[in-house]
Amino acid sequence: MASISLSEPLQPGRLILGLNYLRRNKALAVGLLMVLLLTAFTVIGMLTIDPKNAYPLSVEPKQPPGAKYLLGTDFFGRDLLSEMVVGMWQTALIGVLAGALGTLIGIVLGFMSAYFGGVLDAAIKGLCQILTPIPVFLIQVVIAGSLDKRDVTIYTMAFIVLLLAWMWPTLVIRSQVLTMKERQFVSVAKLSGVGSLGIIFGEIMPNLLPFIAAAFVGQVFSAVFASFYLAVLGLGPLREPLLGNIIWAAQGQGAFFNGWWWWPIWPATAMVLVLGSLALVNMGLDELSNPRVRRTE
Amino acid sequence: MPPVPAKGIGMTDLLNLRSVTKVYSRGLLSRTSTVALNDVSLTLKENEPTILTVAGESGSGKTTLAMLLLGFIAPSSGQILYKGRDISRLKGEERMTFRREVQAVFQDPFAVFNPFYTVDHLLSVPIRRFRLAKSRGDTRDRMVEALTAVGLHPDDILGRFPHQLSGGQRQRINVARALVLKPRLLVADEPVSMVDASLRASILETLRALQQDHGVSILYITHDLTTAYHISRSIIVLYRGSVMEAGDTDTVITNPQHPYTRLLIDSIPWPDINRRWGQTEIKAQESESSDHAPGCKFYSRCPFAMDKCRETPPLFRVSEHQAASCYLHERNPRISSERLSELLP
Amino acid sequence: MAEMPVLEVSDLRVSYYTDAGRATALDGVHLALNAGEKLGLVGESGSGKSTMALAMMRMIKPPGRIESGRVIVNGTDLTALSEEAMRKARLSKIAYIPQGAMNSLNPVTRVGAQLVDAIVAHEPSAPRKEIEERCRRALESVDLKRGVFEMYAHELSGGMKQRVCIAIDILLKPRVIIADEPTSALDVVTQRQVMETISRVQKQIGAAVILIGHDMGLMAQFVDKVAVMYAGRLVELCGVREMFTRPLHPYASALIRSLPSFSNKGVFHGIPGLAPSLLRLPGGCSFHPRCPHAMDVCRTAHPKLETLPDGRQVACHLYPQKA
């Protein structure tokens, strides 16, 4: 059969399309930029400062921000800059740990539940639905409060946070997979001899990547936020310079009344920036994974 | 033309549907049930590749039939045999063979592509799964061969994403996929209805070439009798899950015997100024009448409805290659539905 | 006949600004329609026919934009109207039956309420009883029972829903009705019913109809004139009889030749090649890469839409007319 070759020139590369998209999706662009900057601060910080300075009795206490101590020091003799860096690092650790684990559980349970259906689905869905209405904050406080102070580490914090966070990604991924598995390209894959695992990992999962990314960011957000408020209440690993801890300590010493305004200000600002950037990225990813938007490529 | 071996004993049919019925029941009380397909039998012979049209509107059961043949759903009663074996009992190696030999081309050219991958994925996956190629290079060769055979330039196609190609191109890639697998039976479910009218011709021609040059039997499912007329030799007309008329395509379309077929033919918008819509009156169907009323399914819309029609009419053989299930033809000999395939040329 | 055309489109240009660049969807389209006329707008996907409809209704949303041109209905230039005035003009001057219109019916309100809403939006002070009566009569005119007024959309079949949409569109007796592939989701028998309904109501209210689609068969059954679009431009406009017996533009004649018919069973004539990407139109005549009659001038100069002595219009260098 004769046919004329009219090769449509390949569209501009993926990178350019991506950048063009970021121009339109301002939330994602700004959020990513902020995350990038915060990460840079933390990484460069960890490489340059002396982490020992983030712990008590290391430097001159109660110094305002100046040339020697860029962000000042606190009542206990901790360099605020070091505290910020180490605190951010630990916050990131908790966030990513709890976030990644939560998302992973969500993927595994969500996929299995949606794809295989039947009793398994009913069980997982039922469990999620029973656990969801439990007031998370309350339980976290109770658990954290009843632990021996010495047992509370960053990792136990991550665990406490994870305990009641995994249900949401499970349910949300499950519903996405439920719709995806009815799509015709899944039927075609079956006709092409692809088995269940091949369909889950090869066909469905790649399409859910923006979605999974959004769930991950959401999880990190919840984890970071939870670690923050638990620490502010004094339920965190008190020795560590977690951002919430710094504020709790500052409050305990009456920082504002004593004129040490810099002590709580830096962690509070940092927390706002961290949570804000995560929220923006989440909003942006939300738009990305919305199929109506994807078409305008 | 592939050589046709002499008919001998032990020749199994390619496909055998025996009184297949599919009922969907809704709700726990299963009071509302829909009969999607009612006692349909047909046979496709192994060494006589043919194109059989299953014609009907939505709700006729044609999609259900496709899903049954592909093994995606199981019949409520009756049997589906592929090369003599019940497809619901196939396991392991045999099931893989069935999968490979029975393929489909679907209606929506876009939906069959996984938007995450380039279009190569649609072709490379089956090649890999069915081990049709020995190396990467071999895989690519086969893809190129199939794409060229459907009139596409591989350089324009490979490496692109589905949204970068036109509907016509996408559907041709679909057909190319069928070519790569060289199935024995191809279920084509409305393959051209979502393609621009000007491109339909070439896709249909490819399907016909598949049958003539590669010995593939095609089950062409459609509601568009114009295309059916051009491509198939035999036809079965379904309405609400039951066979209304069956036989040789030419005869059925030029000389329809069942009132429903007549209505269908009359409503076709022929691209011909001199053939405007006919005078057959359409009785407007006000609402979905109950499926449970016994008798001929077409009763409520039929201009010739008689009391007798409240009892399901059997198939009456009107000529050697045509039969209609309508009491208007009761003077003709009956033919049981299992022997439907005798009507088809 | 020096009749004032009820619809006049001049030099309509529409572009879409995508991430990959600017796509020219409509490139200077001229069109005129008299009252009571039925025009078929034919073309492949991407030819611009749906964009035409949306542009005439001023329903183009970003990233699309009407760059220039005028759409004059009964003397009023729709492109010059304010948002509010345009909103009033929709349904009362120009109505639109979209593809899959049945999905645009509100599933949670009764059909009657939606009909009433359409009238109330334009005539807020009309008495309730009179509005209801008009709605019921509209339902009758599309061959539905008056009782459908009380029903919900999900209780109706696809064809019935589509006819409800037609009823809504004729309530305010618009001068122009644009039907964009109104039957593509419907079966052949229902399709015939719906088309016959459109035909009947059009005669009743004396409106002009533009039927958009790519099914030449429907055109043969329904329209008086056919306009063929390709890559955002109008390439031929003539009576339906002439289109089927003697199409002039090479694309139009290829289209006609590719149609299956009784007389040439089993013979297929496709159109080789592909429609061009709207992001990168070929120079000169957009059809020249696929045209069997392409000449040198076709590669460089864009043919204008000329009117032939017999009233037909064609944009092709094969038929040059003296300016």
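Should a chain be cited, it is by its letter among A, B and C, assigned in written order, with residues numbered from 1 in that chain.
In this text, contacts are C-beta pairs under 8 Å (C-beta built on N, C-alpha and C of every residue); 3 or more make two chains touch, one makes a residue touch a chain.
Being a predicted model, the structure only gives us computed values, none of them experimental.
Among the chains, which has its CA centre at the largest distance from chain C's?
A
Which two chains are joined by the greatest number of C-beta pairs in contact?
B-C
Using mean C-alpha positions as chain centres, tell me how far chain A is from chain B in Å, no decimals.
About 51 Å, centre to centre.
Go ahead and note the Å separation of the Cα centroids belonging to chain B and chain C.
Chain centres of chain B and chain C, defined by C-alpha means, are spaced 33 Å apart.
Could you list the positions in chain C whose residues touch two or more of the other chains?
274
Show the residues in chain A shared as contacts by 2 or more other chains, in ascending order.
Residues 2-3, 6, 8, 11, 297 of chain A each touch two or more of the other chains.
Can you tell me which residues of chain B touch two or more of the remaining chains?
Residues 151, 202, 205.
What part of chain C is in contact with chain B in the complex they form?
Contact set of chain C toward chain B: 44-46, 143, 145, 155-158, 160, 187-193, 195-196, 214-222, 240-241, 244-245, 254-256, 258-262, 265-266, 268-271, 274-275.
Contact residues on chain B for chain C in the complex?
It comes out as residues 57-58, 151, 166-169, 196-202, 204-205, 208, 223-227, 229-231, 263-264, 266-273, 276-277, 282, 284-288.
Sort out for me which residues of chain A touch chain B in the complex.
1-3, 5-8, 10-11, 183-185, 187-194, 202-203, 206-207, 209, 294-295, 297
For the complex, which residues does chain B have touching chain A?
70, 72, 96, 99-100, 103-104, 106, 108, 111-117, 122, 125-126, 129-130, 150-153, 155-156, 160, 163-164, 202, 205-206
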